[in-house]
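Before I ask anything, let me first share the structure, which is written out below as structure tokens.
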Amino acid sequence: MKAAVLVFPGINRERDMARTLRLVSGREPAMVWHADTALPPGTDLVVVPGGFSYGDYLRCGAIAARAPIMDAVRAFADKGGLVLGVCNGFQILCESGLLPGVLMRNQNLRFICRDVYLRVERSDTPFTRGYNAGQVIRVPVAHGEGNYIADGETIARLEGEGRVLFRYASPDGLLDPDWNHNGAINGIAGILGERGNVLGMMPHPENHVEASMGRTDGRGLFAGLVDHLAQAA
Amino acid sequence: MLRNEPAITPELIADHGLKPDEYERILKLIGRAPSFTELGIFSAMWNEHCSYKSSKVHLRGLPTKAPWVIQGPGENAGVIDIGDGLAVVFKMESHNHPSYIEPYQGAATGVGGILRDVFTMGARPIACLNALSFGDPRHPKTRHLVSGVVAGIGGYGNSFGVPTVGGQVRFHARYDGNCLVNAMAVGIAQADKIFYSAASGVGMPIVYLGSKTGRDGIHGATMASAEFGADAEEKRPTVQVGDPFSEKLLLEACLEIMAKDCVIAIQDMGAAGLTSSAVEMGAKGNLGVDLDLDAVPCREEGMSAYEMMLSESQERMLMVLKPEKEAEAEAIFRKWGLDFAVVGRTTPSMRFVVRHGGNVMADLPIKELGDEAPVYRRPFVDTVKPHAIRAADVTAPVALADALETLIATPDLCSKRWVWEQYDHVILGNTVQRPGGDAAVVRIEEGPKALALTADVTPRYCEADPFEGGKQAVAEAWRNITAVGGRPLAITDNLNFGNPERPEIMGQLVGCIRGIAAACEALAFPVVSGNVSLYNETNGRAILPTPTIGGVGVLPDFTKSATLAFKAAGEVVLLVGETVGWLGQSLYLRDICGREEGAPPPVDLAVERRNGDFVRKLIDDGIVTAVHDLSDGGLAVALAEMAMAGRVGARLDGAPDGVPPHAFWFGEDQARYLVTAKTADVEAILAGARSAGVPVMRLGTTAGDALAIAGERALPVAALITRFEAWLPAYMAGRTDNGSL
Amino acid sequence: MKARVTVTLKSGILDPQGKAIEGALKSLGVAGVASVRQGKVFDIEIEGADRARAEAVLKEAAEKLLANTVIENYRVDVLP
Amino acid sequence: MKARVTVTLKSGILDPQGKAIEGALKSLGVAGVASVRQGKVFDIEIEGADRARAEAVLKEAAEKLLANTVIENYRVDVLP
């Protein structure tokens, strides 16, 4: 895996992400500065990490989405390259048009940091091959604006094309408003882009990958990517 | 000089919080009347906040030394050595008055300020804590303050990117109109790469870094030391707005130029911004400072010298750079989009000279500005020791089970989840123990070394007996660190009190400091940094004396840290420490019997240390499965917390003869812990206890899904959890107003 | 020149913040508010005195950054 | 009745958002923007047709919730 982690001013979970990529793939990712215009040669995975790019000012991800490096990311995705956006990264991908929809303020208008349960909807994607369809994983969220919405047509398409990869659910995998902390429509926690090579998700799988730290539920996502890329190569 | 500045009048002097005799002192010092700008500079340097004039003589009594202390009080933050070439840099600071005036921004800038103190010294912040005291939940302003303060702390820390992992939240009518916001930051640095504020070398460039200067918080420093009156609202225009985004950039830029070895001295601009940072750098380095305000990056038109010198705009730093590295440093700051300007030079003159628009606006002796600040030995009277309450004289108004059910849903004892879920407590991926336990445990990089962090104080104890209360605050911090398996190393103390010009308040301050000193001494737990906040009064009514203690300990291996949750049914529950059933100042007495009285539980520091060392050894040996220290609410509440955390019940024997049951279950005797162990290990533990002379008592076993005390109604754990979690969210949603559900 | 760009949510896009504010107002006892929708204003200083140019600049700013035209409308007013 | 409450920062109060937006516009090549300050608008439906009452309600809403009068000014417009 030759991962590139984008670094925008105000991003603050890039260290978490870089460490996880190293722990799971055995290889240090390249850290790519927002003002750069090209990705490192041979990059096979672009990760847009979490944080508060530009302080979340104006709209979460809005300013970062217009940074020079994003043109390179768009071109990379158009060629089928794998792109993962987590939390602020998800917001940036939506603002940049790589993913549809918007992430609004959480229903209760408060920032929420807690472990949530996600139902993995499909296992036949590069991002979820490390899991079984229907499996429930427990990972942390930490965001104030993770309430996913899009117009009815877009939602219908996402659902119809099976592009919803993760949903907030109860520990036994049921959709339940009490277990949907931010009020996202249909409990949507993570979605695929049209071509299935771009994933945006609000929760932080990168924070649950070490057994010594308690839980490894997030590891499957990264291990799956490593396997996929190894096969592709 | 002194062109187009207002004339100095007695009113103007009073407005600057300077007493007539203090003004006389200024006249003697400089041999002439000060200019308006100079008056502002003196008021900033000589106010309580910067000069510690009321507390200085007493703070000298605090133990500040230990082999592992690298830097004690006096720098931006304290520094301790934790081995492997690593140092922990930490400090706690209050932002009480600003938070009362504008809760969100006041709390946010409080967090920003303390983070700057830590990374100014070359450390990367790895954790924040906060200790909050609010008024009676029924007070009309309380809910608004809680929501604003919590959102502000989260808003700043979350965006900056540091996990907020612990703290405490308490409510008491004595904080009506004067809430307390004490924020603590902890960072990690290379032990041989700590940066200090003393300038060195003549003619060195003094560089201004960070955000631009506006009219923010002018008079903030003076305000922060001014007693509150009905006119608090009038002080509003001085509100400072925090910009965590700029602070994050400032952090990365500072650490980058420090790594490139560009820095001779660095000082963040906190209270009294440019004035105190520049004076400090010069005075500490035995150098003069010559500032050219025309070079200061300003956000607003036509700012006067006075305004620039007193502005408390946030996210700013002052540095003395190695001249040959100036260009390299500037490039780094530009890359991060931050302002960079050479605003002065160090001089041999030992004078603090401020130029603006071709005029000399101030020319003062730099040493005296700091060192000659008035120091007061204010008169004080010791608090009268309250009578000890005999448990036998307290009748139990309700059944034990009912009392427990009530207590865990009171504002002070209920779950603070509503608060800490608004704080990102997992970012950086090193939070081993999240909020909800005794001390938070934060791994250093990928471990195995970790820090145990806590913030504690029991103000009602301090009010009843400042000396014992001071001891207890330190002891509880030490205990919380011990309870997770940490070795307590050092503390930061944040002393929040009323008006020191009143002898009884001064008596509380002196008493608490003596108690803190005694405990630090006995527990080898020195003070390495701290902060004093006085004049916390509203219309002549003081807050409860609140000396918040921030404790730091180290664990060699984070995977061995103990947690408070019951792990499984069938384990033996043991009580470590002696229980006489001390009800004086207990929450049982206050919230169940409606009596806020008596002497607080005494702290026997020798016993504290003996029992703690014993428990820590049990954790090291890995023969205990859960550990929890006893504090507010006593034994029954601690058991409930362990049961709720593990969703496992327990069956417990009745109180031993000689101790009234309600006193046994709810007394707040100190130096106690609860542990659970596998049956097979119990004998070894008891034997160890005997040889260590530590009283250990078998209470019962974990079992089923209810907490059942012999002869009492069994309490289903699920129902306890519901009550424990319900109060704060219900209160914040406006569904309950009274003290309880 | 002074100008103001006002950005509002397109109708049909739901506004959780507005909804929450409606709720909060009710619980604060503020009666008679049927609905609330929240938007943004940007008060902008434009260099020069050419009105037409100013409007062009503001439109560009709105399109490129200030508004997310997928869900938001914007309106530009150059103040006299 | 339709109304709009506009909330803006008091002058002199730092506006980090505005500052960041200024920077972003520059790097996006939008020229001629001297300064940006961000505020909020609330588009509100008021029940009934009594203008005076509507204004009173809006003022109350602004004071109690919509504006943080410590650092913000607000202005109420009931639309014709």
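Note that the chains are named A, B, C and D in the order they appear, and that numbering of residues resets to 1 at the start of each chain.
Everything that follows uses one rule, which is that a residue touches a chain if its C-beta (ideal position, glycine included) is under 8 Å from a C-beta of that chain, and two chains touch if they have at least 3 such contacts.
Since this is a predicted model, take the numbers as computed values, not measurements.
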| item | value |
| --- | --- |
| Centre-of-Cα separation between subunit B and subunit A, whole angstrom | 36 |
| Whole-Å gap separating subunit C and subunit D, where each centre is the average of the chain's CA atoms | 9 |
| Interchain centroid distance [CA atoms averaged], subunit A/subunit D, Å | 33 |
| Centre-to-centre distance between subunit C and subunit A (centres being mean Cα positions), rounded to whole Å | 29 |
| In subunit B, residues with contacts to at least two other chains | 243, 245-246, 337 |
| Set of subunit D residues in contact with two or more other chains | 16, 20-21, 24, 28, 38 |
| Where subunit A touches two or more other chains at once, by residue number | 54-55, 57-58, 63, 66 |
| Pairwise touch network: line, ring, star, complete, or other | other |
| Chain pairs in mutual contact under the definition given at the outset | A-B, A-C, A-D, B-D, C-D |
| Residue ranges of subunit A in contact with subunit B within the complex | 9-10, 12-13, 15-16, 19-20, 51-52, 54-57, 110-114, 140, 142, 144, 204, 206-207, 210, 212-214 |
| Residue ranges of subunit D touching subunit B (in the complex, touch as defined) | 10, 12-16, 19-20, 23, 68, 70-71 |
| Subunit D partner contacts - residues on subunit B that touch it in the complex | 101-102, 104-105, 211, 214-216, 236-237, 239-241, 243, 245-246, 299-300, 313-314, 337 |
| Residue numbers on subunit B that touch subunit A, as the complex places them | 151, 154-155, 158-161, 243-246, 248-249, 336-337, 420-429, 432, 443, 446-447, 558-559 |
| Complex interface listing, subunit C residues touching subunit D | 6, 8, 18, 21, 24-25, 28, 30-48, 53-54, 57, 60-61, 64-66 |
